[in-house]
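There are structures below to look over.
Both of the next two complexes hold chain A, though its partner changes from chain B to chain C.
== the complex of A and B ==
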């Protein structure tokens, strides 16, 4: 489960292949059902407006999960991700149309630490942007990578 | 969106109302569809066995999201959660039956910090256990709470 991906040879500064993920209202409804978080700010224009939001917004944990896909795609094994943390700095507003919201995800290796025989931990600093502005702050994942 | 819950008066050491969440294979299938993470270790006994797992396991991000519900239930507003981070220390094995896996979630206020007029941040240390063993390490959320 925790075997690192076979093909990566990370160095400090290595950039991960960027990822664009489109989120639609239908995705939010699916996520509501999967997570049990049925807060109507994630599907009701009326409720979103009533609480002062610019529109229906994505679940923060969904945005976080999608941003984490950058790392699991790169390492090839979600089980290699040892830790993950973010700040929720700005909501992703999802319009009620077929396009939805586009989240642009990028990241790079910001540190590499030998943690034992045959294992290194890469610290990945992740950026997730919506309409050119960051939606997650201090987004960092630690992931097991092959030894150098 | 970020208005703190009305009824809580946290102090350092305050315990949050604990939460038990049952996760079934059907929940994992729903989460796969919602998150786009279709790794078969989350739905195929054959694949899980082939990679040496004791069985099909829950998505780590689903376990994380469910544990976070402890905090959003307590504060009354998911938008009040400013940051959230965990270590993925142990998988939640989900049997193919109607019972699924039971995750026991608890937590307490481990720090309180005044961050400006009318706002405090409570640091919540969360525990999530499956079959009596912790499945998340260093699980910490920061949440906006009413001023003292």
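== the complex of A and C ==
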């Protein structure tokens, strides 16, 4: 069950097309509603300051989801992703302006495994950076890719 | 102080959560996921899915409320206000799609306390209403040490 996506011929070391995503306060509000995570550190400057944060921060799960798009864009089908894990290492501070915060996402194929007739799993090692610093650690996705 | 006697235990399964087609679309829009199988039923069916496909991290939207209910239960004794999300992983045994009815069982895998900071490892086993495994999510939650501890 894989939707027709771009023709990909992954090899170990193949770099995925990078992705830059701008996150504004409006995006945080939209994600709060869609995900049900209404923690006020993601929309209230007052609450963020009270708990010692430098400002309102993006939901870690939003950053994780945005970084996951690197992989779904590449294979063309989010349903092909078999596993995805991250550590949250640094918050993404989102200012109350039109620019928001820029997250730069890249990744490459770090392993390829034949898992059965006509199926291979590609392990993708992902990096996500904000202001030049990594915000996700050990970010790895496993995704079904066409057989060689 | 969280109650370590919960470690190794599973909580009672949740009531089934119905994965709504519009909820999947709303979630895909919120994360900027443009894949047609997430938004268009016909595209999803053409690709072999019964209905729109949920992006992988969608699983956390229905497991998190069950986790929050557990963490806010005074019987467990977790300081919810001082919590940060340390890590998260999601394994999909099959894609989640619109129309799924999913039951979550939370397992308390580990609890460590170091220098007044608590580290809690939870695992959610997500199954359909026939008991077939759909997803496994794992997360680490951390509470900062209280001042002076």
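Some observations on this one:
Here is the rule we use: the second predicted complex is superposed on the first by the 142 of 148 C-alpha atoms of A that agree within 3 Å, B and C clash if a C-alpha of one lies under 4 Å from a C-alpha of the other, contacts with A are read in each partner's own complex, and residues count from 1 in each chain.
Following the convention adopted for this analysis, a residue touches a chain if its C-beta (ideal position, glycine included) is under 8 Å from a C-beta of that chain, and two chains touch if they have at least 3 such contacts.
Only a predicted model underlies this, so the values are computations on that prediction, with no experimental measurement involved.
Using the contact criterion defined above for the overlaid structures, shared-chain residue A:36 touches chain B and also reaches chain C.
Once chain A of one complex is fitted onto chain A of the other, the partner contacts of A:135 are absent, as it touches neither chain B nor chain C. In the superposed pair of complexes, A:60 makes contact with chain B and with chain C alike.
Touch criterion met: A:68 reaches chain B and chain C at once. Judged by the touch definition given at the top, the superposed model places A:76 against chain C, while chain B stays out of reach. In the superposed model, A:85 makes contact with both chain B and chain C. The residues of chain A shared by its contacts with chain B and with chain C are 1, 21, 27, 30-31, 33-37, 51, 60-62, 64-66, 68-69, 72, 78-79, 81-88, 138.
Taken in their complex, chain A has these residues touching chain C: 1-4, 21, 27, 30-31, 33-37, 51, 60-62, 64-66, 68-69, 72-73, 76-79, 81-88, 138, 141. On the side of chain B, the complex with chain A involves touching residues 1, 21, 27, 30-31, 33-37, 39, 41, 51-53, 57, 59-62, 64-66, 68-69, 72, 78-79, 81-88, 91, 137-138, 140.
Listed in rising order, the residues of chain C touching chain A in the complex are 23, 26-27, 29-38, 43-44, 46-49, 53-57, 60-61, 64-65, 81, 84-92, 95, 97, 138.
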